[in-house]
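The structures considered in this document are given below.
Consider the two complexes below, in which chain A is the common component and chain B and chain C are the respective partners.
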Partner chain A sequence: MTTLTAAPKTASPPSRPRTSTGISRWKRRIPLLPALVFTIVVTQLPFVATLVISTFQWNILKPGDRHFVGLSNFRFVFTDDRLRTAVLNTMVLTASVVLISVVLGLGLAMLLDRRFLGRGLARTMLIAPFLVMPVAAALLWKHAIYNPDYGLLNGTLNAVYRLFGAANGPTIDWVSSYPMPAVVVSLVWQWTPFMMLILLAGLQAQPGDVLEAARMDGASALQTFRHITLPHLRQYIELGILLGTIYVVQTFDAVYTITQGGPGSQTTNLPYEIYLTMFRKYEYGQAAAAGVVVVLGSILIATFALRTIASLFREEVSR
Partner chain B sequence: MTAPAAVTAPGARLKKLLRRSDDHGGTPRLSPLWTFVAWLATLAFFAPVAWMVLTSFHQEADAATNPPSLFASLTFDQYKLLFSRNITPFLLNSVMASVISTLLVLALAVPTAYALSIKPVEKWTDVMFFFLSTKFLPAIAALLPVYLIVKDAGMLDNVWTLIVLYTAMNLPIAVWMMRSFLAEVPKEILEAAEVDGAGLPTVLLRIVAPVTMPGLAATALICFIFSWNEFMFAVNLTATNASTAPVFLVGFITSEGLFLARLCAAATLVSLPVLIAGFAAQDKLVRGLSLGAVK
Partner chain C sequence: MRTRRMIQVLATATAAGSLLVACSGAGSSAGSGDGGKSINVLMVGNPQMEDIAKLTKSTFTKDTGIKVNFTILPENELRDKVTQDIATQAGQYDVATIGAYEVPIWTKNGWLHELGSYADKDASFDKSDLLKPMVTSLSGSDGKLYALPFYGESSFLMYNKDVMKAKGITVPEHPTWQQIADIAAKVDGAEPGMRGICLRGLAGWGELGASLTTVVNTFGGTWFTKDWKAEVNSPAFKKATNFYVDLVKKHGEAGAAQSGFTECLNAMSQKKVAMWYDATSAAGSLEDPSASKIAGHVGYAYAPTAETKSSGWLWSWAWAMPKTTKNADAAAKFMLWASSKKYEQLVGEKLGWARVPAGKRASTYEIPQYQKAAASFGDITLKSIESADPANPGVQPRPTVGVQYVAIPEFQDLGTKVTQEISAAIAGKTSVDQALNDGQKLAEDVAKNYQK
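Showing the complex of A and B:
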């Protein structure tokens, strides 16, 4: 939690103060100050502390031995195998969850943009996965769905096998056999509704007369989608991808609950690895250094995100 | 054709009302095949939720069968057990952390949003992006210093620690959302009121409040949802006194001696407030989730 220095420039304020004397300026600023001061204290100071701690050799299991080590924690972060695995896992996890849920969300949004029997109810039901508490959702997938003995997946397989006369279905331990897909599927289930909501809002903001004109001109559904809908949806898709990325990169609940990063470190992502370094290995310096690296990576993603949001925002301001 | 337009049969009125939820009337209909596909997908996504709720009303013996038993007898036993196993303090902590932090967020965000929209300060967009940027950076990077500071201050396992953190976590979202709602107050009316000599309280109560009330409710709802669901700070900064509902659930992680029906009851119970709130405000949800960037 820290700041980005270069905020994208947006349009100038809509109304310029007529008398910009010092007093009137401060009168405008006063309502802003409590929130600003609070945010700086609670989000920026910890980051400064993280920066300082990252330059120390500090393991609380060795209390007498806390000293300045410069950048050697960072050297550790970039060379450690576990951390490299964690970076890779984070990328695989985030990319697959975001991309799959955008594609599924787009499909669902296209369907729900049309009228059909019970559309309102279908929409309400589709939002549900996003509203279930993430820890509860993770536990639900781990135990009620993936469990090899009495989970819904194997249970359904079993029922299908029996239906076709076989004695019993296979017993697959989904989480141990396919740890990463198991985590990805549960997160895709949670995030698809989010993407659907954003893309549905995009579809419904589509000017009807343009679509009408395309239909009049004899454009096929596919052509209309490719040349009109998709370009119109572009910024909504970008927004979904970026917001999704920012949230999914931080995934902690699902990894902590479903796999605890295992087996081995096959599903350990960066937040979980940092948590382990902090609360299992008690290597505060290394954890802080990894935290700094994560922040730098996030700034990279967030810069794109801010630019996208700024472009949507600019449209609104100029309207 | 012959009936006057103003007089409509009750059946037609009902149809019109029903169609209202399916908003703009010009939208083309899905063909039966695609309607089937849409419902199939909907049911696939809803199945885990339905399964969670159904299992929560089963006895343990009926919950742990393979193949699953859809038609076992229903019971409230699991919920009774949860309350006798002391889920109540966890729920109370969750309510306290979520409600108080939401109120604090609103108290801080509303004046801020006012200063960023109705009477904007210079460089107000930069201030907006500063707030937003704090939201984009991973909370895990702040966990260590926060943990150390909280420990030194003797504030570990204290609900107020969570309240402060949740307030900081939701403030940027609330500022962005509230700004987008306040920006909808028509400028002409505000100026007219000022010309007529209306004071600030009158302007706020008579003009700003009525327009932005639904937005305020939606903002509160989003903040409540995020605080209610928060897990990482709760699990690492609380122990016995201040633990929230998600921390209660952690007890179900290991699979040894797992009580599936009770787990489902707990998962249903803790998700219920957010499910109800989310269903009730689904039209506002997307605007909150996209920080007001999408309407």
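Showing the complex of A and C:
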């Protein structure tokens, strides 16, 4: 954060005229005040309200039983087995989705960076999954692909078995047998294009003369990639990982639609667990406390993300 | 200085006063701007509700001048929305569809308007025609009626007659669960890719929870005893759950742990399973030739039993009026019309007799046209509803009224979490014993709120 604020200071031109009187400065600010107040009202007040609610025992199905309980909701959040499982599941889900889609996205970006016939079309089609609405994508995976009766996976298996003379292939219940991989794969499908876009931008920003020089020096393709392209892409990869993490942590649609958090609580992540607390248990206090904890966690990640972006900009400026 | 302050005070007072006036003006105009002739109705998106949304304007609004604004939502979202609206006293809706589960809880909280007196005043409504289990499940502990049933259902067994005939099996009219398990084993694989039976395996208190609880009831188990002792890992509950999980694992539908009502309806109508135990309201969809491959080839039997005489569940979607409404009379008029004989007649004539919102009135089953349309399942539906005993559905007395749920606010959460574990057992990820021992802990926590 400090670097972010420090950077513009040095960059600001010294010739800028400065009005010294406080009154005229405020006069200039007055037209902006309503916007500031509005921003505070819509972004900060709800959070303050959430903070307040998180200190209450409040179940809306039991009117008249709302009272202040201090931090006991937070104690519940940190000691509840289900929430701990949810935190663990969120971490597994986020890490695997982000890492796998970065690797796949890098591969696709490398391919798209070359010139070939129909590159524009290929790029558009590869981006498509990212444009599909999350719920629609989840429904597509649940029904068209994973369904044991009429899904694409078992259909393909059956066709292959029949090719070799068997009457029927195995009926694999993908979602129940491999719940976490099932969710991860569908999310990777959605997020790979995002990573691909970022990395493609990075690849295309790569100076051609450096690559040419490497070729002249006799470096193999692998060596060029390892020693020139990858270091160049480092910040783009970091950016992709951090932005991806911020979004994937909040995944709800895929979990809700494909597995309903199950079987058991094997794919219940934090957003889904909070949803259950809010709309099955109607414990607003507990849900708010869990929400606060998630927000604090996200701010932590976001801080790192901002730092990376800041360093990215610094690099651009110095270039 | 003093005058200035005076002016300030005056100005503030005037401002506040005019604000108040403005507020009250707005309030009253919203309440009676169009003479209370417009009501907001929130309802679940089932076919019967979509029908009434279509029919209201040309009939009810035309006759009474009351405009009805419908909001239709899927079941889960409806519950979220209606609970919030009523619990926070937002007062956005004059009428909402709720189920038998909500009535006693919400009545206790004082959220609902009493409706029995409205029904008594309207002679053509004929309150005594309503089926008794419906009235019981929609009444508060004070014995007054708090919701008017729109349609009702129980549960029964549906089977593919062709498959049974080919295998030479006769399904008894009153089967036991053991008989059904034996038949499931015999018909499993009767056709390529066909499984023996479809039973809900999808987690959720209203999904797997509903089917399983009826089995637990008839095996002699219960969630809680009369004096609030948790019984989730009792021998009877365990025996029932083991039976259910074994049956669905061995001969159940593919993807059982993810299958709820919709998935089973699909499996049955596409001939992927030979039998299906579920809601009586499913029959209408199974007999629809445009959606179902086995229309006209379905046999029906009563809900299988073990130790009780009957074991069908009892559910109804019913109209309720939040206390916050400002249009009570108009809302009551709408509810009485929607639950009336006249409305059933209207649906029958305009949309077809199979689409009548049935299961709430004895007289429905005496209409010749309806009898013809529902020849294969109408009679057994009525008898299943009549033999359901929401006050005493098992072998021991219960603390609350209700067959396939426990009517306490905590049950949505408890039922969802326990069925998540049982669903995991169906998927082979945990054992029934483990699932129920974990469930027992949750149930004990809930019971503490009620023990004296």
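The definition used in the following text is that the second predicted complex is superposed on the first by the 276 of 319 C-alpha atoms of A that agree within 3 Å, B and C clash if a C-alpha of one lies under 4 Å from a C-alpha of the other, contacts with A are read in each partner's own complex, and residues count from 1 in each chain.
Just so it is clear, a residue touches a chain if its C-beta (ideal position, glycine included) is under 8 Å from a C-beta of that chain, and two chains touch if they have at least 3 such contacts.
This structure is a prediction, so every number in the text was calculated from the model and none was measured.
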Chain B versus chain C as contact partner of A:Lys62, first or second or both or neither: second
Chain B versus chain C as contact partner of A:Asp149, first or second or both or neither: both
Touching partner for A:Ser177 - first (chain B), second (chain C), both, neither: second
Which superposed partner A:Phe279 touches (first chain B, second chain C, both, neither): both
Touching partner for A:Leu108 - first (chain B), second (chain C), both, neither: first
Which superposed partner A:Gly120 touches (first chain B, second chain C, both, neither): first
Touching partner for A:Pro263 - first (chain B), second (chain C), both, neither: second
Chain C versus chain B, contacts on chain A by residue: B
Chain B versus chain C as contact partner of A:Ile23, first or second or both or neither: neither
Contacts of A:Leu139 with chain B and chain C, given as first, second, both or neither: first
Common interface residues of chain A - those touching chain B in one complex and chain C in the other: 142, 147, 149, 260, 279
Interfacial residue positions of chain A with respect to chain B in the complex: 1-4, 7-11, 13-15, 20, 25, 28-32, 34-36, 38-39, 42-47, 49-50, 53, 107-108, 111-120, 122-137, 139-145, 147, 149-150, 152, 154-156, 158-159, 162, 189, 192-194, 197-198, 200-202, 204-205, 208, 236, 239, 243, 246, 249-250, 252-253, 256-257, 260, 270-271, 274-275, 278-279, 284, 287-288, 291-292, 294-295, 298-299, 301-302, 305-306, 309-310, 312-313, 316-317
Complex interface listing, chain B residues touching chain A: 19, 21-24, 26-30, 34-35, 37-39, 41-43, 45-49, 51-52, 55, 63-68, 108-109, 111-112, 114-116, 119-122, 124-127, 129-134, 136-149, 164-165, 167-168, 171-172, 175, 180, 183, 187, 225, 228-229, 231-232, 235-236, 245-246, 249-250, 252-253, 255, 258, 260, 263-264, 266-268, 270-271, 274-275, 278-279, 282, 285-287, 289-291, 293-295
Contacting residues of chain A [partner chain C, same complex]: 59-63, 82, 142, 147-149, 167-168, 171, 173, 175-177, 179, 259-266, 276, 279-282
Interfacial residue positions of chain C with respect to chain A in the complex: 76, 79-80, 83-84, 87-88, 105, 109-110, 192-193, 202-205, 254-258, 267, 270, 272, 409-410, 412-413, 416-417, 420-421, 423-424, 426-430, 435
